[in-house]
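Two complexes follow with chain A in common, the first pairing it with chain B and the second with chain C.
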Partner chain A sequence: MSGATGLVVSGLTIGINGERLLDGVDVAVAEGQRVGLVGGSGSGKSLTLRAVLGLLPSHAALGGSIRWDGVELLGAPERVLARVRGGEIGIVLQDPATALDPLRRVGAQITEGARRHHRVGRAGARALAVRLAEEVGLPSPADAVDRYPHELSGGQRQRVQIAAALSAEPRLLLADEPTTALDTVVQSQVLELLARLGRTRGLSTLFVTHDLAVLRRAADSASVLDAGRVVEHGPVERLLTSPVSATARALRDAARLTSWDGGRP
Partner chain B sequence: MSAPRLGRARHPPLPRTASRRPGRAARLGVLGWTGAALVTVVLLVALVSLLWTPYPPQAADPYARWAAPGGSHLLGTDASGRDVLSLLMAGARTALLVAVLGGALAGLTGVLLGAVGALTPHRVRTATAVLIDVLLAFPTVLLAMLLASVLGGSLGVVIGAVGLGFGVTIARVLRGEFRTAAASDYVLAARAAGMGPVRILRDHQLPAVSGVLIVQLSWTMALAVLAEAGLSYLGYGAGPEVASWGRMLADMQSYLAVYPLTVLWPGLAVTLTGLGFTLLGDGLRDAGGRR
Partner chain C sequence: MTEELLTATELSRVHHGRGGRQRVALHPLSVALRRGESTAVVGGSGSGKSSLVRLLLGLDTPSTGTVTTGDGLPVTDRRWLRRTGVVLQDPATSLDPRMRVGRIVAEPLRGFRIRGDHDAAARSMLDRLGLPGDAADRYPHEFSGGQRQRIAIARALVHEPEVLVADEPLSALDVTVRARILTLLRELVAERGLTLLLVSHDLGIVQRVSERVLVLDDGRLVEDGTAQQVLSSPRSAAARRLVDAAPRLG
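On to the complex of A and B.
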């Protein structure tokens, strides 16, 4: 309730231009939890994440409630949202090719959140950038922070995004299909990195994906989204072994086709 | 217990190449470099004219009217016996002054109007877009005449007209660029990091439009040189005490049939300077396009 820590989204509805895109979505991520949000393309996964940070277009009509540590974020003043954004909840976007500013050095982008939230100076920012670059496993971190994004590979850029999302030390990480644009080997490395960061930093995660094989490594429980509604919720293993909803079954079957470990439960 | 660092050890170190901002490689191309060279020559001539000209540009020598080229007057003299080369050199100063100040004003107008037209709430944004389109339909020459009829003709009027008139053109282009940048993932990411609109403008959006802005400025400076010559020719620009290629054309045109060469020089100066800025702009655009 109002004293609860973590994220509690309840009955979230989103309408844009008279079209109801999200219809009563419930998702909760308590301290230290790893929760998944799965669903097909266009089911409303990204909209849900953007709504949490108050980053939907201004003409979007919102209903329901989004509570962070008991504080209502829906309709909260910009001042409250600015504190939460980056400082308490970080986000990693789907496409590493577009999520970084092509004209800004990697180091400056990594520490944007830290400079905004923790008054880190110029010299401190550089040291922090190198430290974070090292933590997320960028090769030659002291060199990498002086590069521009086009000089890095897709997987490296995704590591930069993760470092940037962590720089202001948030407690919750929203991950919007962070591995979808990567090849399977790199995908596996990034999942490993996120799992390690979750452990070492005590980070909760809300992990969005359409791939149950990926979900299995990134979350313990998950909600299944279909056309803006949650159709099923439960532990990931159960979603894999005995999905109830047609959507979850379809996602499971698709995962069996693409995952190398086949139908291993 | 140290956490396994999967992936890090397997990565080869980054290749040791000099780090470069995309699109900033000096690949202007032949025409771009030609433009840059022309502009540099005009700039050098203008700078030299500040320190030295063969004769004081406005010194009329009644005993040396229409002196032929060569001899003590390399390009000859005009109807009142002023040295044409000295006038040409001092005219470069005026042309560049208008190009630089008019260009700066146009750039400022363009960035401000373009940003307001792209980044403000829906209503303000739409109203600004309409305003830009209305202003765009208003000819710059007419604007200059209007200003001159109120304030009297001067270089200030030319600079103001160039700045506002061409600034609106820049605004329309930059508006689209600002919209694209505002809709980008990296601006979304910056907002998600808690950055405010002013910082995002400074750190992400202005850099994003700067490439296009530089190209537009170069073309605007070409137009400014032509506008200064044209307006001064019409009498709305430089006063008689200021050396201007446009004024030279106006002064000499009545003698065109007798002394055709004298019109050639200022005409050539205007054309080559305008061409220089245009080619430079084309080169910059192509270099940016090859990102």
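On to the complex of A and C.
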């Protein structure tokens, strides 16, 4: 459980245009762990996720450290980032409608990671696309891979995004509010899919959300962010039952006010 | 006796595609909305929720059937529109980027020629929605997505409508903001007798503001009952699916 394998973010600071947006954030995701980052709008949770993949504006001022399997990613050459990004670490974004290319078939988008990182050939790519489409639960996988994104529902497009993230066989999946744009039934199915992939593939996840009811199904432990700082960290159940920080309490209280309570009168 | 505010009779909507293909967005249904009764329309994506609401608002023409108000007015009549507020999905795109927020929010007051201090009314409503004090003087692009959504809600409420029709008004909001707006809607329903027609797939929201629930599935009205009954002992498979899928805290 040391910092040798997996992701270790320590003392991460990010400033953009003189404004400090992240201030000494520590997050670690060891092999097989499911970790959450929770906070309100503008708390810095998505920014942390983007920083891991080096997806920040070039004028961002960065400090601290982001280590992946002991290798420093912060300031690493593009060649190192290119191997990790979409290869060993995959990402799933909130809005599948904008994350997919509308002009390319689903199958080609699913296998892009595999072709880039593992030199999979054309015939192999198609077989892989169908296999991944099946694994993420797309209906009629052999047909689905020949379709375009607009021919799929929002939930199916999110499954495509997940399949695409899996194709390079990542060990860590970064998920940025991947179920927020979905209706609750589809949301529940996607959360179940992510949980299953964690078990069957031993995939670790770093899951960003503002919703504690969703967090509960997506992570075992979580860090609570407020204004760019980690204000609390602990097991998700503990954050729900006895939050210590004001931020975690506010999130819990808001979730209690708005979440489904099982139909109690 | 409860007064019927809006009555839909044998309402349906069929879309015609290429080569004579048809897609039924809404099978014929009849439903009446009663004054002061807060009603939710629930269902998964593509179940016909938004189609129904667009027809009820007169934004789309039904393939069969009619929608009339309690006074027998068509839903496009100005006197009826004056009594309604509307928040559609993705309201952020409905804000004119060239207008200051105060002017955007006051638009219904100007449009319906309502007397009074429009600017003050707009500022007061923005404040109730928790937007910063100088919000009225700024432009839409200076706000986050959730804030823009709240601006659209302020515009829908500024002329104190009797009926608010809201299509997933809270789904894009942060949880803390969501709790705040939910509390405001509950107050308006309980204290001002606002009749709320809410479209949502989020049962946590529905259980807190709605007395009556209509369940749509694949363009059909499959259940219509009190929120208590539909949410605690759903009869339709669609309502059971929603209940089972709703994320819970404990």
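Assume the second predicted complex is superposed on the first by the 257 of 265 C-alpha atoms of A that agree within 3 Å, B and C clash if a C-alpha of one lies under 4 Å from a C-alpha of the other, contacts with A are read in each partner's own complex, and residues count from 1 in each chain.
Note that in this section a residue touches a chain if its C-beta (ideal position, glycine included) is under 8 Å from a C-beta of that chain, and two chains touch if they have at least 3 such contacts.
The shown structure was predicted, so the numbers you read here are calculated from the model rather than taken from an experiment.
Contacts of A:15 after superposition: neither chain B nor chain C is touched.
Looking at the shared chain after the overlay, A:254 reaches chain C, while chain B stays out of its contact range.
Of the two partner chains placed by the overlay, only chain C lies in contact with A:216; chain B stays clear of it. Touch criterion met: A:183 reaches chain C, while chain B stays clear of it.
Of the two partners chain B and chain C, more residues of chain A are touched by B. Across the two superposed structures, the residue set of chain A contacted by chain B and also by chain C is 155, 186, 189. Those residues of chain C that touch chain A in the complex are listed here as 44-46, 144, 146, 170, 172, 174-179, 182-183, 201-205, 207-208, 228, 231-232, 241-250. The residues of chain A lying in touch with chain C in their complex are 40-42, 153-155, 180, 182-189, 191, 210-214, 216-217, 240-241, 250-263, 265. Contact residues of chain B toward chain A in the complex are 3-8, 11-14, 17, 19-22, 121-122, 184-186, 188-196, 199, 203-204, 207-208.
Of all residues in chain A, only 50, 53, 55, 58-59, 82-87, 90-91, 93, 95, 98-105, 108-109, 112-113, 116-117, 137, 139-140, 143-144, 146-148, 150-152, 155, 161, 164-165, 167-168, 186, 189, 192-193, 196, 199-200 touch chain B in the complex they form.
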